[in-house]
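Across the two complexes that follow, chain A remains constant while its partner is chain B and subsequently chain C.
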Partner chain A sequence: MNLFFREIKAARRSLILWSIGICFMVVSGMAKYEGLSGTGQSLQQMISEMPKSLQAIMGTGTLDLSTAVGFYAILFTYLQLMAAIHAMMLGANIIAKEERDQTAEFLMAKPISRSQIITAKLSAALANVVIFNLVTLILSITMVSKFSKDGESLTDIYLLMAGMFMLQLIFLAAGSSIAAAGNKPKRAASVGTGILLISYILSLAIDLNENIKLLQYITPFKYFEAKRVVAGGVLDPVFVGLSAIIIIILITLTYVSFRKRDLSV
Partner chain B sequence: MNMFLHELKAYRKSTIIWAFSLVAILVLFMSMFPGLTRDAADFKKLLEGYPEGVRKAFGISLESITSLLGFYSYVFAYILLCGSIQAMNLGISILSKESREKTADFLLTKPVKRNQVVTAKLSAALTSLIITNGIYLAAAVIIAMAVSTKPFDIQTFTLISLTAFWVECMFLALGVLVSAVVTRIKSVLPLSLSTVFGFYVLNMFGAVIGEKAIRYLTPFKYYDTAYIIKHSSYETSYIIIEIIVIAGAIAASYMIYAKKDIHAV
Partner chain C sequence: MNVIELKNLTKTYGKARGITNISFNVEEGEIFGFIGPNGAGKSTTIRTMLSLIYPTSGSAMIFGKDSVKYGPEIKKEIGYLPSEVFYYDNMKVKELLKYSASFYKKDCSKRITQLAEMLDLDLNKRIDDLSFGNKKKVGIVQGLLHEPKLIILDEPTSGLDPLMQQKFFELLKEENKKGTTILFSSHILSEVQKLCDRVAIIKEGELVNVEKISTLKENNHKRFKLESQTQVPHDYFKIKGVQNLEVNNHITSFLYSGNINMILQKLAQLELYNLWIEEPDLEEIFMHYYEKEN
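The block that comes next holds the complex of A and B.
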């Protein structure tokens, strides 16, 4: 339990800074919504008839910019990216920092098993991710409801946040497994970010080209995409299942490889 | 000179990896260009059913987006993002790594001034960026010629590609300044990623909502590709701002680093 609180305390400052970042994004983003809400209906219709690849370049997709939720969904794409980076770096650093800062020896000499160490560290990271998600949720709900017209439903936002939470868990697990299984702890965060960037760029490329749509199963950014969630009104069960499997595999990998890890002290 | 060559060697692998990843991203996106032009041609036929006014307003932006330069500037935003991460990483790590890796006492007891250390390291970082951009530019021109069916303005193309280098210089200077000011940097990546992505999100979102003031805040917006395509030149006021920012940051770094307390062990 000590270790858990120690980790929470260590991540506190960065969590506060990230929260300020989200706050800035959501508040300043939604504040601009009013100026845009007058978009004509005919333009909206025209955009919806464009080929998918052109929509992707125009940056709107199939989202209806004239509603507050539709506008928020565009903002959500960037929030999702921020959340993924936060989770990935948190997961990688929380495991790798002991070796990086030469404190592994100190920690390992304590009378707790390696599995207990991982459990404490991962639960601390999980708590951070949950707080990150809740801060985003609360800010989003307050800002969107301030600008939405009567009768607009906000359930989409809860759904989007649930999707973002799954994405955060995937990247958290990915970060921790890279740090636990890789042989260079210093590189863990860089490798993780490299993978994250590749999957982000891949998700953009899939928007441009229908032929490589099959690749959407590889990149988590495609799993809970704003336009699909808003249009469907539900998280795709295939992707929820896929995410759960990925998370379980990566967490298991973290435990198994950290237990046998040759720590450099 | 020894220091310069040593740094260059230390960053050799990362420079090559960065250059080739940039080229790979470009190949991935540009390979979609032929498909996109076909989509656009279909859509233009569909447009003919719409009233003249709408058609005109839409046709122009369609024309510019589906031209080679228009599409390239869309893709280029992501190249720029990756290049900036490289530059920021370089800038932050090159000075701070000595005290992080406990080699500061070794280096600073050599009979060279601190200013000489900074000069050698800065020029090594700059050389690394020049090499990356040189490889990228050469590859970009070849790829563009390969996918383009119509002739395009190669001077404008080069001007757009070179903006990566100018923006990277700003991030490099910013990174060096950060590493000179902050006493102890445990890990480089979280710092550089959050800075670059902060600016990137600001830029992307500023583009969606059409905010003018954001242009001065984020280096990503200093070289507007639409302006370059139109005038085949850069905007003078932003060049001046860039020079002032870089000169200020570098001068401050020299002064701060010369008197900095550096922990030897």
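The block that comes next holds the complex of A and C.
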């Protein structure tokens, strides 16, 4: 437990900064809605007349921008990207930092097994990710309900957050497995972020080109994208299952490879 | 009882040199020196014992248990001071030591205060702000605070001033009296001589010899270098115990082992500008070893 609390404490400041970042995104994003909502239908029309590539990049698609929830869903794409980057970097750094900062010799001389180290670190990272998600949820609900018309359901927001949580877990596990398997601790976070950006760009490319739709299974950003969730009203069980499998594989990989390899000191 | 038992311990990294077939035992209550030049494989051996890295072949047993299989269990009774100390920079000394103590299921706060006082270490400073020597002290306290049965020290004296070294050695002797076994790695022969009962000598990843310090002391070599007014005749130092004699104009150098008064008398008869008497470096000692073996 001492390692868990140590990690919580170490991540505290970064978590606060990220929370301020989300707060800024949600508040300023929804403030724009207030400005645009006056124009009503014309906004929706304007966007639908834009080239498809531009719509794809903005992530609009089938969303109804005249409602607060619909507008929020666009904002959500960026929140999701932020959450993914946070989770990826957290996962990679929490494992890699002992070797990167050369404290591995200190830690490994203590009566603690490598599996226990991973368990404590992943638990601390999980707690951070949960807090990140809850902060986003609370801010989102508060801001959207401020602008939503009567009778507009906020269920979609809960659903979107559940989707975002799955995405966070995938990238957390991806980050930790990259750090655990690789022997270049300084590069773990940058390799992870690189992979993340590639999969994000891929998700945009799929929106632009119907022919590569099958690739949606390899980029987690497509799994719970806003337009799919809002249109379907549920999280697609196929993607929930797929996410669960990916998370389990990556976490197992984290444990196995960290236990097996020589630590770089 | 053997506290450490290394059996043909081998670790090879890709191309870099590792260690080959290292075998030696350290008995309970011993202060055991582990000596060799930089890069000989001392740290590799120690890191393998602590399962930071895993052996390619062979095994390390500590307290009679395999160091890989029972790692966490045996580490309860090990205190380790790495050669280069790196700690969580944003922590205060006190926080780090408390964190370190939290891994052991005993109250170490008294011991921390006691050790810090002895080594003159300020507990309220940030680790970031400490000098190299003070960081080393944090390492010492960190390694001793849980009163381990085995203390492993990797080049512990670098960065400590002579006075602090003295205190540190006294501390180790005290621990040893209580029955603690100590493995002391170093590349400086004289400090190993001061403290240890036996030494293992390692070179280029292989064990050269395991010797009693008393045997080593018999071969107590000194390196002499002198600058004289006139060139010293070649046969002037032809006395017992002089080796590797080199005369280069006014500079003469040689290795000497034996009665120190004999050589001083010889030196007193020369008109000297300058004189250096030094510990020979390990390479020279090893050369001596190889000569003896052949």
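By our rule, the second predicted complex is superposed on the first by the 244 of 265 C-alpha atoms of A that agree within 3 Å, B and C clash if a C-alpha of one lies under 4 Å from a C-alpha of the other, contacts with A are read in each partner's own complex, and residues count from 1 in each chain.
Definition applied: a contact is a pair of C-beta atoms (placed from the backbone, for glycine too) under 8 Å apart; a residue touches a chain by one contact, two chains touch by 3 or more.
In this text, all values refer to a predicted model and were calculated from it rather than measured experimentally.
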State whether chain B or chain C is in contact with more residues of chain A in the superposed arrangement. B
Under the stated touch criterion, which partner chain does A:19 make contact with: chain B (first), chain C (second), both, or neither? neither
May I ask you to decide whether A:263 touches chain B, chain C, both, or neither, giving the answer as first, second, both or neither? second
First (chain B), second (chain C), both or neither touched by A:123: neither
Chain B versus chain C as contact partner of A:75, first or second or both or neither: first
Could you look at A:101 and tell me whether it touches chain B, chain C, both or neither (first, second, both, neither)? both
Considering only the contact definition stated at the top, list the common interface residues of chain A for chain B and chain C. 101
List of chain A residues in touch with chain C within their complex: 2, 6, 10, 101-106, 108-113, 116, 262-263, 265
In the complex formed with chain A, which residues of chain C make contact? 13, 47, 50-54, 71-73, 75-76, 78-80, 82, 84, 86-90, 99-100, 102-104, 142
Per the touch rule, the chain A residues reaching chain B in their complex are 14, 17, 21, 25, 28-29, 32, 35-36, 42-43, 46, 49-51, 53-54, 57-59, 74-75, 78, 81-82, 85, 89, 93, 97, 100-101, 186, 189-190, 193, 197, 201, 204-205, 208-209, 211
Interface with chain A, chain B side, in the complex: residues 25, 28-29, 32, 35-36, 39-40, 42-43, 46, 50, 54, 58, 62, 65-66, 71, 74, 78, 82, 85, 186-187, 189-190, 193-194, 197-198, 201, 204-205, 207-209, 211
